[in-house]
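Below are two complexes that have chain A in common, paired first with chain B and then with chain C.
The block that comes next holds the complex of A and B.
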C-alpha cells in the first residue's frame, strides 16, 4: 500500500508545486540546488585528459562565474556530502575576475548574467581542458559545451560535442543518452 | 534384513545388488533433478541480473539527470525477453522512476523498494533488484520480474525421464549381476557343498577345488588346510583316545589293585581305623574298628561320624573331654593328635588322629584306635617287677657293702688273733714265776734275812738277780702293753667298720651333705685290702674346689664301691705288671664328676651299651646287676653313669655325675 500513498503524495507535491511556485523553494529543491546537483554529476560522465590533474587525488575544481546562488548551493552540497569522483575530491571556486579563469578549474559554470561575454570567456579557457556549462540559449552557439535547458519543470541538457572534443574532453554515453546533441561553434 | 537371512546366497546377492543399484539410482536421479533445478535457477538469476545490469547502466544518466522518459524507453527494450513480465526503476529516494509491463501480462504494481541487490523466487516468479550506480554514487534501483513457467515445464518432464532411466538401469544391473555373480557364488556354493558333505559323511579327505586366487581362493585354501589339520588331529585324537582307554584300563586295574591292597592292609592291621571327611561323613573303616568299639550296625549305616561320636562317648570314661577334643580338632583339621582313651569296661585305647591330605590340602581325618589294654597291664607288671628289682639290687648292693665290711672285719680279726696269741705266748714265757721263787727263798730265810743276805752266797746274789728280773719284767710289760695297744686299735678298727656299715645301710630317702672326696675315700677304704692284695696302685686326682654335694650317701657309696671293685677285677684280669686305678674328682658347672679309670681289660665297643643291662656280666661269678643298679641309682639321684673304653685291652673309665642338689622328686 506504501507505493499508493507515495504516488498520492508525489501527485500532491507536483500539483502543489505547480499551484504555488513561490513556495517551491522551501518545498522541493530550488533551481539553484537542481543546477548544483547537475554540476556535481557532470564529472562522473566526463573524462578529462590526464594532464588536467597534477595528481591522481587532485581535486576536481568546479568554477562558478556570475551565479552566487548556484555557487552557494554547490558549496552547501559539497560540505554535506564530501563527494569524490574517481578519487578526486570536488571543490568549488567562485571566480571573481576573468584573470582567474586560466588553469584554475575543470568545470566552469557561467551564469546567464554573463551572456554578453560568453564568447570571450569560452575563448579564454579554450586550451585549459575546461568543461563549460551555462544556462542560455546562445551559449552553445558561442562555443560553450553544455547548456541546461529548463523545460517541463526539469532541466534538459544540450551538448556541443564539437566544442568538448576540441577541448579533449570525452562525454560519456550515459550523459549523452539523456541530452540533445546540438551543433555549435567550436571554441 | 531378517528376511535376507533365510534365502539362498544367490538370491541374497541378487537382492543386494538390485537394492544397491536402486539406492544409487535414486541418489543419482535426485542429484540430477536437484542439480538441474538449481542450475536452471542460477541461470535464470544470472540472465536476469545481466539484464538488470544493462538496464541499470543505461539508466544512470536518466536517473542522474532526472529523465524518466529515457528510463522508460530503456525498459521497453526488455520486450525482447519473453520471460520478463514486468520491470521498474526506483530513484535514490525509493520513488518509482519508470515502469515496464509486458503486453498481455497481468497488471503490474511495483513492489516495495530495496536499496540493495537481492533476488527472490516467489511462486512462479523470480524477483530481482539491482542498484544503479555511477562512479560509486547510488542513483536508484532496477527491479525485474521473470516468469518461471519454463522451469516448471522442464520439471514436468523429469519423472518420465527418471523412470525410463530407472527401468533401463535396473535391467542392465540385473543382467550384469546375473552373469557376474557366478564368479563369486559358484566357488562359495562349491565350498558349501564340500562342507556339507564333510559334515554329513565325516569324511575329512575331501578337498574343495580352488577356482580363483582372490579371497575366495584363499578361503578355499584355508578350508582345505583346515580339513588337512582336522584330518591329522582326528587321527591323532583317535590314537590318543585308544591310548587313553588303554591307560584308563591299566590305571583302573592299578587302582583296583591298590584298593584291594588298601582294604587288605586295613583289615590286616590290628588297629581299628576309620576315615572321616571334613563334612563329618565316615568314608571308610575296617572291621577291627567296628569290632573293638562294638559299633552297632545302625550307627555305621548312617555313615555319620557324629553318630559314632555320640555312641562312643557313652563308652569313654571322660566323655566330655573326649568330645571337646574332637570339636577342637574340627577347628584345626591339620593337627595331629595322639592320646589315650580309657573306656568304662577297663579297656584302654590309644587314639592317633592324622589329617588326610590331597595335594597339601586337608580333606579329612584318619582315626586310628589301638587296643593297648594288654600293653598297659604289662607296663604295670613291668613297673612292679622293676620296683622289685631295684629293691633287690639295693639289697644286693648292701650285701656287697656288707661283704666288704665283713672281709675287712675278718682281716682285722686276724691281726687281733695274732696279737692275742703273741700276748698269750709271752705271758706263758713270763718271768713272773721267778718272782715267786725269790719270794719262797726270802720266806725260808725270814728269820735270818740279814745273814742270808750278807753271808749266804745265794742271798748275796739275790739283789743282783732281782735287779735283772725287774729289768726283764719291765721289758715284758712294755711288750705286752704295746701288743694290747695294737689289739685295742684293731678292735677300734672293727668298731669303725661296723659303724660305717651301719652308717650306709640306713634306709633310703635321707640325704646328707658330704664332701665327694670323703665318699671316695670311704669307698676306697672298703676295698683297701682287696686293692692291696692285688697290688693295684691307686692314684687320686682330686680337684680341691669340688663342692659339697647333697645326696643319699649309701647309694653313691654303693655305686663307687662297685666301680672300684670292677676296676680292680679288670686290672687283675689283664695280668699286667703295673695295675693302676685313677680316681678323678672334678667339678662340672652344676655337678660333680667322679671318674674311675683303670688300665685293665677294657670293653669291646659292642658291649659298651649292654653293660648297663640287667643280667649282663663278663665275670663267671658276676650277677649282672652291679652296673645296672649303679646306673639306676645314679638316675634316681638325678645323676648319670657313663662308660667309656677305647677297646679291648685299653682300659675303661666310668664317670658318675652327681648333682649338687638332689633332683626334685615327683611323687
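The block that comes next holds the complex of A and C.
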C-alpha cells in the first residue's frame, strides 16, 4: 500500500536528519512568558518621580504578589536576558500578602487570585508611586492601574489613568495608544 | 487531481499484491522529489529570525525571550501565545500544526449563543453537523455521517466519549456549562497515531477552562421556544495559594422538535447535571487536576418497535432515563520547556435506556505520557495506556446481544518524533500508535507529517496516515429484528422477518489518508487555510443478505456483517478569516467532497458534496454585538429507520443580538433557522418518523457576581 512506501521514505529522512547542522529551535511564547515580557516592558513607558530611584542605576523592582507562575517566568526571563531599562537593571521580588508594600517595588503585579483584596492592596500602595498591574476584570474598578486581558491568544491592555496620575506616575502615550480601554484622565 | 496509489513499487519492497487496473501514478517519484527537497532544503539560504529589520513581521517571529523584550509595545500586543494541544499532544501554535485544524473559541460560543456542544461544532469548516431530533445529532468529518458516526473520535478534557457499543457519541448527554469551556479543537483527518483507533476522519477535543479561570459566581438562564428554561449556576473559589476549585449545577428543560406536518415530535427532554473541578499548581512545576461530573436526563424518544402482529412496525414514544458519572485525575510535571511527564486516570459509569434494552457500562482508563528531547533536533513523545470496560445489555425480541455481558481490555502505546530538519523551516513528525483490543487483536496506526514554512506568512504541510476503526459491540454481537412485513399468499409463511446479524470475526475498517494543506496570512487581518485530502477506505463493514430461512410463522431474511466494502473519497476545505474593520470580523469556509462507494450501501452514506459556512461578528456602539451565521448544506442521503432517506439541501440563518451593559452582565437574543418554518437535517436510524428543526428563538441573561 502507498502508505507503507511513504513511511519508508520518511524513515529515511529521519536517519539523514543526523547529518544536518544543528541550530537552536524556537517555538511561540507561553502565556506566562508573554505576560513577563509585558511586565518587563512597562518600565520603558512609565515615568516615576525622581524620588523613586536612589541612584541612576538603582534597580527597577518588579514585585509579584500571589502569583508564583508569573514570578517564576519573570525570574527566568531576567536570568536569561539581563535586560536593563534606561540604565536601571531589573529585579524581581516575590511579595507575601502580609509583607509591607511601601518602598519595596516600583511595579506590583497582583495575582488574579487576590481579587477579594484588590481594594486593600491598592490602598496600601496609594502614596508609594507603585504601578499596579493585574489580570482580572475587577482590577481597574478597584483602583488598579493596568489590566492585562487575554483574548484570542493575545494579551490586551486596559489602563486607569486616574489611578496612575494620583500616584504621580506618567504613562507614555505609546502605551496608551495600544490599550483597548483607557479610563479616567491624567491631572 | 486524484492520486491513485500504486502497489507495483511497493510490491518489490513489501510483497504486496499488485491490484489490477490501478493506474501507476508516479507516487514514488513524488516521494523521492520531496525527499530530495527535504535533504537539500536546509542548505538553501537559512535566514536567522531578525526582528529588527522587519518590524511588521517581528511579532510573528519573536519567540525567544530576548526577541520579545526587543519589541515595542505596539508589537507586543500582537504577539500570540501558544495554545493548541491536539495535533502533537504538546502545546503548539495553531499555524504551525501540520494538520487541518480549527478551533472554536469561547468567544465564538458566546457570540452565537451556543446552548449545546454539538451546535458549537456546526461552524467548523468541513464538519457535517446534522440534527436528528431533540437530543441526537449526526456529526462527522469528510463523509460517513450517521446517527452513530463511527469515524470521529471525541474527547472531553482527555476522557473519550466515543461509545464502543454502537460507535458514535450520544450527544444529548454531553451538555455542560458552555461559559466554562475554553475551546474545542477539531482536527479533520486521521489523528490515530496519537489518539488511537476510531480517530479515522477526525478528532474533536473539548476542553474546559481551569478552575483558576472560572472564579466567582456565574448564573445564566436561557428562555425561548426551545429552552423552558435552562439554568446554569457555577461558583469558583480559591482554597489556598495556587489551589482553586469550581462547582456547577445545570438544569435544562427543552421542548421537542416538530414532524414534517408541523405537529410536535413529542421528543421533549429535561435533565440535570452537576460537577466540580479542582486545580493545584504548586511552585514545584507540578500540576494536578481532579474533576468529576454527574448527569441524569429524562428523554422522550421516538423508536420503532417490531412485533409479530399488525402493524408489525410501530413508532413508540418512550421515556428513557440516561444517567451517569465520571471522575478524572491528572498529574503533569514539567522538567523543562520541552520535556515533561503526564499521568491521567479516569472512571466513567453510565446507564442508557431505550425501548426494550439498555446499556450499562463502566470504564476505567489509565494513561501515561512522557516528552523529552534528544539533542536539539528530536522532540519525542511516547506513552502507554490501558482501558478496561465492562458492560451489560439486557435483550428483547427486537435486539439480542451476544454475549449480554462483556469485559474488554485495551492496551495501547504510542510514540512520536518531531524532527527539526531546518529550524523554523522544515519539520517532520513521525509517529505510530500500537494497540491490542479485544475484538481484532493488534492494530498499528502510523503516520508521517511534514511541515514547511517557506516564509513567515505561509505554511505548507503534508501527511500520510493509516487509521483503523475497530468494530463495535453492536457489529460483533447484536442480532436485530428490525422489520416484520406480510408476505404474498403462496409464500412459505405469512410473515417475513428482516434480521441483522453481527459477526464476531470481522476485522477493523482501514483508512489510508493522504493530505496536503496550505496556510497563508497575506496581511495581519486576513488569512486563508486550505486542506485537501484523498482517502482510501478498505474492509468497510456492511450487512450482506444471506439466503432466507423458512420457519413457521416467519420467513427469516438474514443479513450478516462482512468487511466487504471499500471507498475512495477526495476533497478540499477552504476557509478564510478577515478582520474587515476593527469592529467587524468575518469568516467563511467552503468544503467540497466526492465519495466513490463500492458498493453503494446505505450505511456508507452521509456524504454531502458541498458545505458552505459564513460568520459575521459586528461590534456596535453602546456595547452591542450583532452576530450572524449562515450555513448551506447540499443534499445528503443516509441510512434511515427502514432503509434510506434523502434530505434536501438547505440554507440556515442564525442571528443574535448581544448587549453587555457592563462587564458583569450579558443579555442576548438569538434566532436560529430564521429562513424556514422548519427543515429536516438528518433521518433517524431508530424511528421512521422524520423530525425537523423549527425556527427557534432564545433569550439569555448571564450575570457574574
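The working rule: the second predicted complex is superposed on the first by the 152 of 187 C-alpha atoms of A that agree within 3 Å, B and C clash if a C-alpha of one lies under 4 Å from a C-alpha of the other, contacts with A are read in each partner's own complex, and residues count from 1 in each chain.
FYI, a contact is a pair of C-beta atoms (placed from the backbone, for glycine too) under 8 Å apart; a residue touches a chain by one contact, two chains touch by 3 or more.
All of these numbers come straight from a predicted model, not from anything done at the bench.
Judged by the number of chain A residues each one touches, C leads among chain B and chain C.
When the two complexes are overlaid on their common chain A, residue A:29 makes contact with chain C while staying clear of chain B.
Once the two complexes are laid over each other on the shared chain, residue contacts for A:183 go to neither chain B nor chain C. In the superposition on chain A, A:80 makes contact with chain C only, while chain B stays out of contact range. Touch criterion met: A:155 reaches chain B and chain C at once. By the document's definition of touching, of the two partners only chain C reaches A:68; chain B does not. In the superposition on chain A, contact of A:170 is made with neither chain B nor chain C. In the superposed model, A:115 lies in contact with chain C only, and not with chain B. Across the superposed pair, chain B and chain C both touch chain A at residues 2-3, 6-7, 10, 38, 41, 44-45, 83, 154-155, 157, 174-175, 177-178. On the chain A side of its complex with chain B, the touching residues are 2-3, 6-7, 10, 38, 41, 43-45, 83-86, 154-155, 157, 172-179.
The part of chain A that touches chain C in the complex is made up of residues 1-14, 16-18, 20-31, 33-34, 37-38, 40-41, 44-45, 66, 68-69, 72, 76-77, 80-81, 83, 112-113, 115, 137, 151-157, 174-175, 177-178. The residues of chain C lying in touch with chain A in their complex are 5-7, 9-10, 13-14, 16, 27-28, 31-32, 34-35, 38-39, 42, 46, 49, 62-66, 68-69, 71-74, 76-83, 91-93, 96, 105, 107, 212, 215-216, 238, 241-242, 244, 281, 283, 375-378, 417, 419-424, 428, 430, 446, 448, 450, 464-466, 512, 514, 663-664, 704.
Interface residues of chain B facing chain A in the complex, by the touch rule stated above, are 57-58, 60-62, 64-67, 70, 94-96, 109-110, 112, 134-137.
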